[in-house]
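Handing you a structure now.
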Amino acid sequence: MVEFDSVSVRFGDRALFDGVSLSLPAGSFHFVTGPSGAGKTTLLKLCYLEMAPEAGEVQLFGKETERLGRDEVADMRRKIGVVHQDCRFVDHLSVSENVLLPATATGVDIRDVDDNMSQLLAWVGLSRHRDRRPPELSGGEKQRAALARAVILSPDLILADEPTGNVDWEMSLKILDLLVELNKSGKTVICATHDLSLIRQAKTRAPARVLRIRERGIELSGADL
Amino acid sequence: MIGGLLDRSDSRVERIVPPSGFTASLTVLSAAAMAFLAVFIGAISMSASRVADDWGAALGDKATIRLSAPAETLQDQIDAVMTIAAQTPGVVGARQLTEDEQRALLAPWFGTDAALEGLRLPVLFDLTLEGDGPDIEGLRRRLQGEAPGAVYDDHARWRLPMVRAADRMSSVAGVSLVLIAAIGAAMVALAASASLSANRQIIGVLRLVGAKDVFITRIFVRRFTLRTIGGAVTGSIAGMIVVVLMPGGGGFIDLRFAGAGWLWPALVPLAGGGISYMATRYAAFRRLKELS
Amino acid sequence: MIGGLLDRSDSRVERIVPPSGFTASLTVLSAAAMAFLAVFIGAISMSASRVADDWGAALGDKATIRLSAPAETLQDQIDAVMTIAAQTPGVVGARQLTEDEQRALLAPWFGTDAALEGLRLPVLFDLTLEGDGPDIEGLRRRLQGEAPGAVYDDHARWRLPMVRAADRMSSVAGVSLVLIAAIGAAMVALAASASLSANRQIIGVLRLVGAKDVFITRIFVRRFTLRTIGGAVTGSIAGMIVVVLMPGGGGFIDLRFAGAGWLWPALVPLAGGGISYMATRYAAFRRLKELS
Amino acid sequence: MVEFDSVSVRFGDRALFDGVSLSLPAGSFHFVTGPSGAGKTTLLKLCYLEMAPEAGEVQLFGKETERLGRDEVADMRRKIGVVHQDCRFVDHLSVSENVLLPATATGVDIRDVDDNMSQLLAWVGLSRHRDRRPPELSGGEKQRAALARAVILSPDLILADEPTGNVDWEMSLKILDLLVELNKSGKTVICATHDLSLIRQAKTRAPARVLRIRERGIELSGADL
């Protein structure tokens, strides 16, 4: 599903990744962890093509991504759901319109996903807020709305960047449950987090693995943490 | 294009980009100003070219030979003038004015009842010219030799610079129209670019969820084209009203439309829409490339 | 104001709001277009009012009485005309043309060498008028009674509408100048508002750290005023070049500046700067109130 | 320093606070906690006058705030340092320019605070990044930059909204230390967080108290948690 072949990324004179190779099979569940500034977000950006590696290859869905045009990138993104670390919304649209945005932008009939949206909003506890605009949401509510938007079209690959960064422990577990459930229904999930207790909890519920970002490389941790 | 614009708009899609009142008003205002100018300057151009045509035609058409000669050589000289006129290339006809015609010409001076019988009037010949008219210097030399009392007057001495001026005015106006179209296109393109820049965050979100360039472009193109047409219609109507209310008085001042000229104010918003469509599309695709 | 604009800019402060190329170009372009128009239409206005003045003066100044009468009553009628002219309010002088003057007037028709001695020419009187001139109907009636061979000709029959037209043209141009100033002000205000809207996030951050309205306003006002002046200077120069290159040819067509008129293209950017300063300030304070 | 007198806030038909009275003395250290959407951010917004209560009074620095003009609000904000939950920056300025923004915007001479800035950036581990632009920072780096900006002019009141939401545990403790140090030098600190272990840590270092947001009210928890 996601394959890195000697990927290198450098910012200025600092090499973030240096010849990293990875292969995350379809249906797998991975956490990405590491200290602040380690490169968790960068790893996810490589996966949803917001960024191209300096050297090496990134393969998505079995396809080479290096020379894709903008439209082909768009096509690929339709199969990827992203929870951005700073939850990017269209601020003047309502929460429900924002959640439906992937459908609107890709021409999917709204009626086909409307039920899905209502369920999702209920799940993340935002039913009351569906007609609000994102700036009127609290930090945690925004993250949950971003999660709902990421999964509305049930994409094959779900990338979540600190989806629990602004929520309390209870809500964190709820979000974790949603990700686990999605993974069980066959989706590939990659979730960046700095919260080790969340990862510990996840391991009790699903065969999640951990990608730990170290000096210029990524190391796959086993069951132990 | 027309189809895309007239499609019943999908309000969900339209809502994605906020209407941004100020850029919108600015676009409408610019379009109105440019349409107003286009109508106005179009009227100037048409009127100037009308004047140039009319005067140019009159100028190319007619000339006069005035002959004052002692009675003994008069008939000879009249014959000489007629012969010369017939032989000169560029002159297609020559006619001696009758006494009645001459009297009518002199009426302002002597009154209609003045007795002209006693007066030895000069003989006037009305020449009809074609093309660029005769070779004036050659004609004058020949007249001097064969009919020394004859003076060639081509009416052009004072009109020629005015016809040239009208002609130049008409081309200046034409160039201005092209300039207006170009400035209008630049304005719409800049406004659309500014709008795309201001909305780059929204564009980022749209791309994140898999929107393609055409999807994003369509929203902006549709919006700016409709705004431009709206502004241009207003500006055209205003321009038309001003042109219609303009003082008449003939010549360079009479800007009022004639005949097919009335189509001009209707054409302007159409052209504005077309220009806006192209300019916005171009700007949008360029900006989207830069923003990626 | 001037001080604030000419201050050596604090680049750290200037940098806070990004230069936003498109709104900037749009403002410069609008300012240039408006300045161009202002120079051009100012030239039209000045030329039209010059024409109206010249012709109006000529028209109000001069009239002619033409007298054709049988020899036996001629001297009586000449005396009558002179008396009537002296008694008519609005006529300040009357003078009988000399034979030489009449001959000069008739030269186009008879050639200078024509023998006019044998001819009974009409007598011409040159009247000098003041103010609105005489009561024409009254004068004509009186002439008919006391000098039936006399015809009053005030030269105005064909010129009056043209003078009126020139006058109206001049006022239309004046109104257009006001309109251009207003549209220019609206454009700058809208561009500044659009810029403030586009930068509302930055404004939010500035307010968060304790910036006051004047601080924020100053950045925008300075920037837009300088842009407008830059654009207006360019537009003025372009306008001046076009006006200077315009065809001459007298009358309505001669747009070229005369005398103090040359100051006009220099005045336009100054006025543009002033208008922009006011418009931007107004827009900025209004928008900042809304954004709070 | 901060005084609430029967403050009420409602959004639509939901009352968030209903007649809340509080008095946080100068030099105190308070945590604000509560589940996501409880009103932590709203409480802080009331304190830095981004929002006015529907009923009741907010007093800051001993002054009534209800009828302050925009310029007076600006004057007051100069004495308050805010770490916004979603770290608002001027994206085209460098990190150091952003950190210096309070000085630039209020006419303070940059030379007076330049040393201060370098120290602060070193403290939060951003010295290397001072010439970067904020979008090029990682989530945690942004939060730290926002913290540096909040304290650059050493304001009397420091309001931090989840300053550790996107950073790992080690960095959280470092940030906590900075807040404790500031408090010890006499500043009043109010910090919203959903991270209870952070609060527990804080209690070992400073006499921090906890404001717990409950149904429509705020309750002051004692030393026990």
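Going in written order, the chains are labelled A, B, C and D, and every chain counts its residues from 1.
By definition in this document, a residue touches a chain if its C-beta (ideal position, glycine included) is under 8 Å from a C-beta of that chain, and two chains touch if they have at least 3 such contacts.
In this text the structure is predicted, and so the values were computed from the model without any measurement.
Q: Can you list every chain that touches chain A and also touches chain C?
A: Touching chain A as well as chain C, we find B, D.
Q: Taking each chain's centre as the mean of its CA atoms, which one is most distant from chain D?
A: B
Q: Any idea how many Å lie between the Cα centroids of chain C and chain D?
A: Distance between chain centres, rounded to whole Å: 63 Å.
Q: Between chain A and chain D, what is the separation of their C-alpha centroids in Å?
A: Chain A and chain D have C-alpha centres separated by 29 Å.
Q: Nearest whole angstrom, what separates the Cα centre of chain B from the Cα centre of chain C?
A: About 22 Å, centre to centre.
Q: Any chance you could list the residues of chain D touching two or more other chains?
A: none
Q: In chain C, which residues are in touch with two or more of the other chains?
A: none
Q: So what shape is it, when you link every pair of chains that touch: line, ring, star, complete or other?
A: Ring.
Q: Which of the chains are touching one another, listed as pairs?
A: Pairs satisfying the touch definition: A-B, A-D, B-C, C-D.
Q: Quick one: which bits of chain A touch chain D in the complex? Just the residue numbers, please.
A: Going by the criterion above, the answer is residues 11, 14, 35-42, 85-86, 125, 128, 136, 138-141, 144, 161-162, 165-171, 194, 196.
Q: Quick check on the complex: what are the chain D residues that touch chain C?
A: Those in contact with chain C are residues 48, 50, 70-71, 74-78, 82, 84, 88-90, 92-93, 97, 101-102, 104-107, 110, 149.
Q: Where on chain C does chain B make contact in their complex?
A: 20-23, 25-26, 29-30, 33, 37, 66, 68, 105-106, 109-111, 113-115, 118-122, 149, 151, 161-162, 164-166, 168-169, 172, 183, 186-187, 190-191, 193-194, 197-198, 242, 246-253
Q: Hey, which residues of chain C end up touching chain D in the complex?
A: The contact residues of chain C facing chain D are 12-13, 15-16, 18, 201-202, 204-213, 215, 288-289, 292.
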